[in-house]
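Here subunit A shows up in two complexes: once beside subunit B, once beside subunit C.
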Partner chain A sequence: MAGKFEKVNTFTGSSVASLTLGSIFSADYNFYNVYIRGGMTGVSDIAAERPKLKVLTAAGAEFSTGIYDFTSFELNGSNITDNNANADQDNSLLNILIAGGNTFSAHLKVFNPLSTTFYKYIWAACIGSGGYNKVGTMVKSQVAAGGLKIEVPGNTFDEIHAAVYGIKHT
Partner chain B sequence: MSANKLELIESVEVTSSTATVTLGGANWNNTYDSYMVILDGVTNDSADEIQMHLLDSSNAEITSTTYSYSFQRSTQGTSETTVKNTNTDDIQIGTTGLGTGAMFGAEFLLQDFNDATKVSTGHMDCVFQDASGKVNTETGGFFMTAAAINKGLLFRIKSNNNFLTGRFTIYGIGS
Partner chain C sequence: MSMLIMLKEGGTLGIDGNPIDEDIDLLPDAGGGNGKLTLIETQTLASAQAEFTLSALQADTFNTHILIGELAVDGTDGTQYEIRMQYTVGGSRITSGNQYEHRYVQIKGGSGSRSTRQSTGNFHLLREQFDDPANAKSFNIYQTIHNLGSSTLSAQQEFRGNSHSSASNSRQSIGGFNFTNTGVVQTLHIYSTATNGFATGSRVSLYGVAV
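Let's look at the complex of A and B:
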């Protein structure tokens, strides 16, 4: 409905390596907020296992590799990390995690994902045991997107939850 | 006003060369404490800064040096920067480049626009492709340096350039 902030869908998983948010983007909405929370335990090098963010096509397939540009500003403990050298990647990244604390959350703002003119743009703010992370992602594709995927290949989320809300401007 | 709801006040779509876009003014609805503004798919005819101004109680664009703003900007391939200005005559929210797939997207939260005893403030989250084809993300905010009623926003491109596309939408947040 135009001018309303509506729930599109919710997703949840336990003991999974990934969570697929399929078929969330449609002509029913123009702009999306995605709220993600979850946790990982039993990962020996948790700092190396930052959740990865990917965009899916309308058919649910992953986009091509090497088309993700992202820039990340990280407040991790007493340091600021300028994690900006990320062009032509296979995915974007979300949270900072460190050993001893394994839960995280993220808030994504997805702009115009159905556009076949613009690339896909996602603003994200994340908080985890390692600190705060703000990520800007540009997926260099002019193919309409249908969904998102969060994954930690080779490891598992003990639990992960996502809620997707959409706004139709007119 | 409906309580506990997001209510559409105005949505403006740019489909051809346009110098300014106004949200509010004669269409301003003063019954909300907070407003959400979304810019989506904004492109320009020149890779230059998007300038934002507030409207005064007479719906006129404020161009005096009454704006202060700061935000953290991350740019792919470049060290992060803090962008800030005080007592300046506009709020420069970012640049849209002319490269393939380029656009500007943003979400703002506006506060205290209808209270003459308080300064109007706003939070800003932006993501866009810049003039070099790099993705940028920003988080920050602005505030006016004098308390006043404000009735909306006006967007323009620096150096009298024009918007080519985009949707500009403002919602009232019921409380």
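Let's look at the complex of A and C:
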């Protein structure tokens, strides 16, 4: 229904290293809100335990690393850290967590994931136990996207949940 | 029938002891304070043009609007340009008078350089002129706009946007726009100073939110 966000799907996992949000993007919607929340055992290695966001093709394969462009303002404590990376999905961080921190959440706005003409774009507002992080991730690919994947290396999510809502403009 | 509506909206209706949980929407989609977004209009370009003009704001109904744009400029433009917004108030497009104010912070991919932009000028700056005019670009905007229908409160926007062409030229910006109203805003103008304007397929959608 035009003008109404509709639930596309919800996902949940426990004791997992990743959560796949497969087949969430379709011609039924033009724009998506994705809400993610989760927790893990307290972080010891911050660099290795930051949740990451990956984009999947319609077939469920991960996009190649060369199609991610990533910029963020990261508010950590009293500092602002600028993060940016090109062609490196390992830097497509969703959140910053402090040592010992264990809870994170994110809100993604996903533009035009099926377009084969325009670049895709995901804007994210994230918060972690010890800080605050806003992330803009641009996906350069002009290949249609089918889903998302949240993962954490070097740790597992004790629990993780995601809800996807879509809206149709046309 | 009225009793049926009262029972059903937001609850579960039981008939002969069997609960019915189907979501039956009995409320109107438009014009009410039911918390839904109302799609006012979507414009998609069938050919390149310089401007989107949105005149069906329904500002007397909605206190807040959400504007979602997926804008493209083709790679043959070859010049520096900007994406801007202006308003029509009282039948006249406001192009002078310093009623527009924008302030935002942006970060640039590649170099990671961060900068702030602020201006009191004659338009809202949705995207600054780009460093890489020779390549095709995509711009995405998500604006939450308040008070278009107010003659006393400023029209204000919360801005999230980005643009992208090559790997080193993606940008993200976050900020706010203020417009000192002299009357009800009647029309939004989103325009590009690019030689070829917005490319075919560019699209904007305007939603109303009753609050």
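To be clear about the criterion, the second predicted complex is superposed on the first by the 157 of 170 C-alpha atoms of A that agree within 3 Å, B and C clash if a C-alpha of one lies under 4 Å from a C-alpha of the other, contacts with A are read in each partner's own complex, and residues count from 1 in each chain.
Convention: a residue touches a chain if its C-beta (ideal position, glycine included) is under 8 Å from a C-beta of that chain, and two chains touch if they have at least 3 such contacts.
The shown structure was predicted, so the numbers you read here are calculated from the model rather than taken from an experiment.
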* To do: State whether subunit B and subunit C clash or fit side by side on subunit A once the two structures are superposed.
  => clash
* Scan A:F118 for contacts with subunit B and subunit C and give back first, second, both or neither. => both
* To do: Tell me which partner A:D82 touches in the superposition: subunit B (first), subunit C (second), both or neither.
  => both
* Does subunit B (first) or subunit C (second) touch A:T170, or do both, or does neither? -> both
* Share the list of subunit A residues that count as touching for subunit B in one structure and for subunit C in the other. => 2-5, 30-31, 69-73, 80, 82, 84-87, 109, 111-112, 115, 117-119, 121, 123, 134, 136, 138, 140, 167, 169-170
* Residues of subunit A that touch subunit C when the two form their complex -> 1-5, 30-31, 69-73, 80, 82-87, 109, 111-112, 115, 117-119, 121, 123, 134, 136, 138, 140, 167, 169-170
* Structure fact -> So, in the complex, the side of subunit A touching subunit B is made of residues 2-5, 30-31, 69-73, 80, 82, 84-87, 109, 111-112, 115, 117-119, 121-123, 125, 134-138, 140-142, 167, 169-170
* Considering the complex alone, what residue numbers of subunit B touch subunit A? -> 5-8, 11, 13, 38, 40-41, 72, 74-80, 100-103, 105, 107, 125-129, 134-137, 139, 167, 169, 171
* To do: Spell out the part of subunit C that touches subunit A in their complex, as residue ranges.
  => 29-30, 36-39, 42, 44, 68, 70, 72, 105, 107-114, 138, 140, 142, 160, 162, 164, 167-168, 170-172, 174, 201, 203, 205, 207
